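Listed after this line are the structures, all set down as structure tokens.
Here chain A shows up in two complexes: once beside chain B, once beside chain C.
Take a look at the complex of A and B:
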């Protein structure tokens, strides 16, 4: 590596740092990405708490699902809108013509966005604790931390995959807005996927976060048996495998997408 | 030079007509074919499905499932009636046309309203699609429905919610953007307007907000119409819907002038 070159890690770090600084300068822009998960969680908690038979385990499962929705919402919007804003502001061409490959720049942004989503997750946990008096006793803390981290990576990898589509498409708004709620449904954030029709369950199994949220619930709630009928280790294995698959696929697609984008020369259209 | 009332009305009408044509040709940024598909076909189905599966899992009765499906079918109209309308002034700001618009002598309210009017059609299409999903996919029973009352309730709800969108849009004249507030009010109805559970289940301090939003009364009238309630029993929610719609519209008109003055004074019209 010549002295003028910078490492991939430095690109990711710089991109992540810049996205974080942008957030702290103007934090109000977190609201559009967290409002839907927040309201959906609150409504779900009201619905569950109105039903007399619902146990605190169900409420805790909903709060954890809400946290997941928050992470997911921010990842989807963050990934989609970071490219969208580049396009809007006329900086997408500059970003693509920089010597650093786009994938590492996007990775930095997506990692920060998922981290930002975790803040929303924590916020929902606090609301659940204070308003709905959900007892947040984590049954297996080390596994809970591990599951959360693995799910975090899985979400980021999914965000990377999504960002590919948005580089090429002028329909970023369509993709991000259209995909948000269906993924809440398919990943079983608020209800187990067994409650879904079989054809949707097929999609659910292909999504890493489905396994991730199951692992999170299994580690947090003692005796949790409403989710997938597998062990927590299998959940984690599937989440990791999905993450690796998403990363490999996005790595390949980013190269192709960059080539197509440069060849077509229509990046700035919106 | 004084302006006669007749002249003022004519000028306002002309501004309204002009901006209606302008609005229908796509000045509202979301107005592209994919957003139409998204708003009319995808979002209602996604939102209804989410809450349908949720109440099914929570073990609610079929009547409650129907309550939730109808509530969400109607609430999705806010994507158009509140969110799109609320962003009219902000989109002008982003595109750098707000200051040019505000130096024209045209009536501001007419200009904004003209661009909002075609969202009545859009929001009706969204809710009707949602109700059709309700009938064909989620088993909502329309056998007793009073269709003329249902149509009236839907139109009035749409118009009242557009007034609400206009109210938020005026914020964009002064604040950096109305987008944030628009996003909040896009979804807050799900929680406070009796979409998924009766308003009475909310804490009393939150119910104050419920009764300030026309959607709360609109939903009562629409559910009543679907259940085939007598016209007499629907008079109250429809009157409340009309009244809140008119009050909100009045506020929107009043605030348009006030916020314009404030933004001129602060010179921050183009800041976003």
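Take a look at the complex of A and C:
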């Protein structure tokens, strides 16, 4: 049996499938994954609609931000918790005892979570558009689709980075839960990052989704200006670069984190 | 010279108990230089009390834990370097309810792990139903695991460990918490796995189980190997003692205390089961002690259901070894 060849596609697909099954059979996941970001977005939209006087462009920017919040909320919760779920179930050790590198298994989970988050994002978007009667006109549809896909990948890669923390220790869950709201703010989903203090802007620029969100808005809203003074191509380039960096870092960290967890004997903790 | 499938030399493992900020609060030594070797096709038992280092040994050998020092070779490969190559050829069964995806079916658990082991779909489509049949879960494979009894979950654990047809199996207390029928069922499966040529490392708390199944048994205590032999060899080490076994109804406390005070008695153990108490007395003078026990029981009005002199069991050998 030593000739068993591990297929990356087989592992990613199996991992996605299992995550999806677990999601559908456990409705309580819907609360942090869908309902919470939805409520948060709706509250934000009400505030925007009053303050901005229902200017179509501003509301569309807010709705798009709301969609991103939905995507991010699901990604951060799902990615972190899918490994936390393994710890709690006692399956982390069984999973690690398989010869598939952990990064492929986590990639499958994160891909599912991001996909589910994207559906959540679309759901929020549609409700927001209908509720606030914002015009659906997307200025540059091909760029909008491209920006959304690149941002989707960027979120997945970011989710994988976070999953490392949970593999390392059960305490990693505190961090992934704790950064959900700060990342909403730092990536400019609701408020332009130029409005943030300079030192937080530094963090914002290091986050791939910041550039992705900017690209989405620029492609959707004609004449949109986030204050970043860059072109949409630069946004996309930064998103892609950040995604590659996160993926590479994740690949390296998963190997290191597994070693540390095995040295510390924390894989079986729950 | 039999071919070895596993060998450890001076295996040592320390656990550091750290505070939230990483400061080392205390150290626990789980293994203090364990050296064992297992032959291909052998069913090798590791027995010992809680905290003896059994599970730590299994986790190191199955690449889930790094040793602090020493070496461990599994199927000729180093557990700290050849992780993925080793994992393809070994299977691990952890005892207890955890370790399965409870909200999906048993079948889905097995197919998922088949994929993680890189088993081609054409092979798993054939092998998984065979495994389900082998562990007696046919007809229940599409139910969610959370609906399974503990015994069913344990059998599913075994099937999971076999999805990639490993050469070497680690069974860490596979019958823990099971009822007698469930335990017997698992023991039958283990026997059939041995017959199929697999090498098996089994840890257990149950002496009769080790006695019945294992070719050789390593007794570990406080992270050290204290004895290694065939079950019959281990029992020979306590040939100097015999056992008086009495089964009684009623409160046995006075009888136990009186027997402990007898000069010719070396140890007294008791076990309660459904209102009856079985008292086992280790002594070199069994007939005399048996009479004394009958008399004492009568004095205290304790009803003796059965009284006999028995040969020492593996449990008696084990208790002497771990207590010395």
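We take it that the second predicted complex is superposed on the first by the 257 of 270 C-alpha atoms of A that agree within 3 Å, B and C clash if a C-alpha of one lies under 4 Å from a C-alpha of the other, contacts with A are read in each partner's own complex, and residues count from 1 in each chain.
In this text, contacts are C-beta pairs under 8 Å (C-beta built on N, C-alpha and C of every residue); 3 or more make two chains touch, one makes a residue touch a chain.
Please read all numbers here as calculations on a predicted model, not as lab measurements.
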Which superposed partner A:46 touches (first chain B, second chain C, both, neither): first
Partner chain in contact with A:181 - chain B first, chain C second, else both or neither: first
Contacts on chain A seen with chain B and repeated with chain C across the two complexes: 171
Chain A partner contacts - residues on chain B that touch it in the complex: 30, 34-35, 37-38, 42-43, 46-47, 49-51, 53-60, 179-180, 183-184, 186-188, 190-191, 195-197, 201-202
In the complex with chain A, residue positions of chain C that touch it: 15-16, 20, 59, 62-66, 83-85, 87-90, 92, 94, 96-104, 108, 111-113, 115-119, 121, 144, 160, 164-167
Chain B contact footprint on chain A (complex, rising order): 28-29, 31-32, 35-36, 39-40, 42-44, 46-48, 50-51, 53-54, 171, 173-174, 177-178, 180-182, 184-185, 190-192, 195-196
Chain C contact footprint on chain A (complex, rising order): 1-2, 4-7, 10-11, 13-14, 17-18, 21-22, 25-26, 89-91, 93-101, 105, 171, 259, 262-265, 267-268, 270
